[in-house]
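What follows are several structures.
Same chain, two partners: chain A is paired with chain B first, then with chain C.
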Partner chain A sequence: MKELAGYLPCIGEEEVETKILTFQKNGKSIEVEVPLLTTEQMNKVIETVKKASTDILKSFSTSEIVTIIDRAIERLLDRNSLYRQKAEELLPIVTGYDEEIIRLGLTAYLKTFRKHELQRFLVEDLGNPVLLDDFQPRVKGGFSKAIGPTLITHIWSGNVPALPLWSLISGLLVKAGNIGKAPSSEPLFSSWFAHLLVEVEPRLADCFAIVWWKGGDEEREASIFEQSDVVVGYGGNASLQSLQNRMPVTTRFLPFGHKISFGVVSQSSLDSRKAWKSVHQAALDVIRYDQQGCYSPHIFYVQHGGNVSPREFARLMANELENFQRRFPRRDLSIEESVSLSSWRQKEEMTILAHPQNEILGNETNDWTVVYEEHNIHFAPSSLNRVIKVISFENIEDILSSISPHRSYLQTVGIAADPKELFEWADSLGKIGVTRITALGSMTSPEAGWHHDGRFNLLDLVNIVDIESSAKESSEQFAPYVD
Partner chain B sequence: MNQQEIIQLISQFMQEEHSGEKEFNELALQLFSYQYQNNLPYRTFCMQKGKTPRMVKTWKEIPSVPINAFKEAALSCIDPDTAEAIFMTSGTTKGIRGKHYHPSLHVYDQSMVLNFKQRFMKHTDKIRMGVLFPTEKAMPNSSLAHYLALAAKEFGTENSHYLINENGIDMNHLLKELHHAEETGEPYALIGASYSFVHMLDELASMGKTFTLPKGSKILDTGGFKNQSKELELDEFYRLLSATLGVSRSDCINMYGVTELSTQFYDDGNESVPSIKTGPHWIRTRVINPLTGEEVPKGERGVLVHCDLGNFNSVTTILTEDAGIETENGFILLGRVQGTEAKGCSIAVEEFLKATKEISE
Partner chain C sequence: MGNFKGKVVLVTGASRGIGASIALAFAAEGASVVVNYVKNREAAEKIAETCIEVGGDGFPIQADVTSESDVNEMVNQVILEMGKIDVVVNNAFKPYVFNPDERKLAWELKWEDYQEQIDGAVRSAHYMCQAVFPMMKKQSHGSIVNVISNLVERPIVPYHEYNTAKTALMGYSRNLAAELGPFGIRVNCVAPGLVYPTSASKHTKEEMKELIIAQTPLRRIALPEDIAGPVLFLASDWSKFMTGQTLYVDGGFVM
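Showing the complex of A and B:
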């Protein structure tokens, strides 16, 4: 099977070289062809996108753009549409994830980009969405308008399907020209979305591009960054650091590093009737995309004192994961991942020698692993791919101290607690660097208008232009109608 | 069975010409039962896996111990304090080195000598040797130092020498030896760490020197480059060795061994790479999927598990982190499995560890 990835604006009759990325799953294989531009071609693309961003995209009203995105998303939500069918057929092969997990994940995710959600998204960041269209009066006096950049470059990474949509849609909402570097491990979805947008609104044809190059191509990256107003980068800190080293001081760089998330379960949620539901939801957070998302849990801290003990919680979790394995089997792992998982597990098995009260639960083929630990509160990442730790605790303060040194890596916490605890714990967790608190079962699907890593999705992209009240007042004396 | 009896059994077994599956299996199971009884951490490990001597029917079912366990536990059937030799791994994680306890080196030495004779010396009894590695005295806990010292003692002529001093390779001495070989026509063997050969090649290249060593000369390298020298592609490494010293690539033998074993593997030269490694009849290797422990289909990549009957005091069966492919009579060694980078945007263990290290520093 062959599939073309990438999207290019019209840069004239050009032969474009391509690179073939091959993906395999269960004997099915697919070759994805991504465009690999020369420096000259890349510069033409940049020029074209910048021009279209200024001439075309900026002439649309925000609500027109919202409507276009909504129409494109509507097509992707329709299981009979071409792109949706392609996504359901090809993404499991490309990413390795279970088909059903992808189908459900896509729907849950795409729903957050419908018209009303996008409106909320805009209000959330800007207060007044028309701020992107026209100067709006300010309470303090004067007027302001939000101006999107001419060009945003997105460096995407990772195999979580459709993840690039976040920043691409944010870029479109602020009327910026966008160039995206498709992630090598899932280059398709962003490309399809670009084509779909142009099908919905052909006037957008030159407003964006989806391309590919090999990460670390210093010369190319330096040249692109030089010509961008904003660069949004995803990846590990080492690669982000190397991007930053090539960033001109005049280009705004928004790095989104790899993150670690976890869950906290209060004893108040652990009565015999409600506990199984919490466990079920928590297990769902584990199996969705096999914990590869920044919002995916590595650890569940479970409080002593409920009817269901932390140890029982771990055993119930094991049970759930075994059930899920039958319905939604884990992605096939590479030999490297298998070794890293098995050596992680072996290390845990060794610690049992010193901590006999710990427990390691798993099936024979290591499709999932639950490690239960008592009297040993700590914070360390799981090897992922359905490997989860359950660590017992007495008071929330006990876990905070071991987590707080890792402030810059924290993101989501899934909480099961009563309302009073929820707000108290959220306050403590926020202070040590956590930026998102959500219910168990929702960890992998952030709400529309969430603050990704605690930041503003749209505000961080724009510049606000102020007309100060003095200018307005002074202009009055030059009016033709002045007396 | 006591230790003396076990040693005797293995010793006899090694001296046989060959062994069939049945004989190997029998001794492997005897050893398993002995180790299960006397090696306490190993017994705990086996019990955790639900494997007791009563249930294990073939050597393939003997629980394999991950090499990292040698860092965590004293895997020994005797009191570790009474060991004659302790070999330690060079790679350290957080400053902890894996330890392999040998109550006596009788079995280790016998294994090495029989195997080295057959695979490296072949029809030669003695050869003038140069050793590109520090002495046993300088590195008392290095199994490789012991191995090379034994090679020189058993198979080197009395004019064999160490060519490493405190400043690295003793180039003057090395040049003298190489010239001597060229002039006299006496075959010469260079044996040592792979990375030392890389340093030697660099030095010789900067001097612009090449040699044509006499027929019968040979080279044995081992251990890979371990960040101690630049990383050469295997093909490039053997091409340079052969071109610089005038030894045919089929006489450049690579030994694959680890501290946690008592037996080594060799190839039959490196005309083409990666070469096929094989061991003597007292060690057997399986190529497995580390998640299931099942053997992977022949020809597919997997992780190596060795069952070494020479390991009478620790554990016979170890799970390495080396990738390989099973072949008709041995395996292709593909090198250590590298850690994985994050697939998605969740942090990977290695990136986290690196960051934590930075925090604590």
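Showing the complex of A and C:
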């Protein structure tokens, strides 16, 4: 099977070199051809996208752009549409994830980009979405308009399929030209989305490009960054650091680096009736995309005092993970991942000797692992791929001190607690660096308009142009209608 | 392994889903399996090949089980080539889409809707049983396993025509059991809960699955291969003193 990835605007009759990326799963294989541009071609793409961003995209109203995105998303939500069928067929091979996980994940994810969600997204960041279309009166006096950049470059990572949509759609909403570097591990979805947008609105044909180059191509990256207003980067902290080192001071760099998320389960959610539901929801957060997302849990801190104890929570979690293994099997691990998993497990088994009250639960094929720990509150990343720690605690204060040193890595916390605890705990967790509190079972599905890593998705992209009240008042004296 | 070595097992509707899993499980225990199918020849041939790979034998035979002549021809062919039939699993059924949102309401049903399902469940089982009785009586042994549904006990979704037909098949099986016991022929039923994925359940919404899972002690829905174990048990000598029974294979949803 062969599939073309990437999307290029019209840069004339150019022969474009391609690179073939090969993916395999369950005896099926697919060759994905990604465009690999020369420096001259890349410069032409940049020039074309910038021009179209200024001449075309900025002539659309925000509501027109919302409608275009909505129509493209509607097609992707339609299971009979060509792109959706392609996604359901090819993404499991490319990413290795189970077909059902992909199908359900795509629907849950895509529906957050429908018209009403996009409107919420705009209002959340801008207050008044028309701010992107025209100067709007401000409470402080004067007028302001939000101007999107001419060119945003996105360096995407492919840990979760379709993830590039967040920043690409954000870029489109602020009417920026966009160049995306498709992730090597999942280069298809962003490319399909670009083609789909152009099918829905052909006038957008030159407003974006999806390309590929080998990460670390310093010369190429320096040239692109030089010509971009904003660079949005996803990936590990080391690669983001290296990007930042090459970023011109005049280019705004928005890095989304490595994050660790976790869950906190109150004893109030562990009564005889509700405990299983809490475990079930928590297990869903573990199995969705095998914890590869920044929002995926590494640890569940479970409070003593409920009818179901933290130890029983861990055992119920083990059974849920075994059940999910049958329903949504984990993807096959690479050799490196298997090695890392075994050494992680070995290390954990050693700690059992010193802490006999701990437990390691798993099946024979290591499809999942639950480690239960008591009297040893700590914070450490999981080796991922359905490996989760359950750590018991008495009071929220007990866990905060272990977590707070890791401030720069914290993101999502899945919480099952009563309303009073929710707000108190959210306050404490927010103070130590957590930026998103959500229900168990929703950790991997941020709501529309969320603040990724505590930041503004749209506001961070734009410049606000102010007409101060003095200018307005002064202009009045020059009006032709002055009496 | 090898619990069904030398046994001839006929599974209807065995090219996919639950039937395919049952066929493969028998083959893995050494059985010679007749993989009956009506349309999907390619899939049936593949299952038959896999039967050989897993240690048994597999023969795809086309027959529409709602046609008496098709059934007689198939059974004759099996007896001609293999000399006997030890086990029959009546698994085939009239295609039915399990979609709780789109199902027909009680007052929308025509008698033909019921008739279609009763034909698919009871008439087909009747033809199969009638065709194998002479041989099984002559052998003085035989096990017939009819696949019904746990909806006969608890219609969590009232798929009227389907549930009624499957309930009829349970009654039919009990009466056969009473009559055929003296000949050494046993007749039992296996009643799966929602099985996913199969082509019949592919439209079942996640909400429905979650609802069932939450009420299922073993906290998941059945996979096609979950059904095979109890079918093999009822077909084997381990259940030699059981007849007229229904085993619910639904993680404890019905008890």
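By our rule, the second predicted complex is superposed on the first by the 483 of 483 C-alpha atoms of A that agree within 3 Å, B and C clash if a C-alpha of one lies under 4 Å from a C-alpha of the other, contacts with A are read in each partner's own complex, and residues count from 1 in each chain.
Assume a residue touches a chain if its C-beta (ideal position, glycine included) is under 8 Å from a C-beta of that chain, and two chains touch if they have at least 3 such contacts.
This is a predicted model, so every value here is computed, not measured.
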Combined model on chain A where chain B meets chain C, clash or fit: fit
First (chain B), second (chain C), both or neither touched by A:280: second
Partner chain in contact with A:238 - chain B first, chain C second, else both or neither: first
Partner chain(s) touched by A:262 [first = chain B, second = chain C, both, neither]: neither
Which partner, chain B or chain C, touches more chain A residues: B
Partner chain(s) touched by A:159 [first = chain B, second = chain C, both, neither]: first
Chain B versus chain C as contact partner of A:319, first or second or both or neither: second
Partner chain(s) touched by A:113 [first = chain B, second = chain C, both, neither]: neither
Computed vertex angle (chain A) for partners chain B and chain C, CA, steps of 10°: 80
Which superposed partner A:23 touches (first chain B, second chain C, both, neither): neither
First (chain B), second (chain C), both or neither touched by A:425: neither
Overlay on shared chain A, then closest C-alpha pair between chain B and chain C (Å): 17
Footprint overlap on chain A, where chain B in one structure and chain C in the other make contact: none
Contact footprint of chain A on chain B as seen in their complex: 41, 44-45, 48, 66, 68-69, 72-73, 289-292, 301-303, 319, 321, 323, 337-349, 351-352, 355-356, 359
In the complex with chain A, residue positions of chain C that touch it: 196-197, 206, 213-214, 218-221, 223
Contact footprint of chain C on chain A as seen in their complex: 100, 104, 276-277, 280, 319-320, 323-324, 326-327
Residue ranges of chain A touching chain B (in the complex, touch as defined): 157-160, 163, 185, 234, 236-238, 256, 258-261, 289, 291-294, 296, 298, 333-344, 346-347, 349-350, 352-353, 364-367, 380-384, 405-406, 409
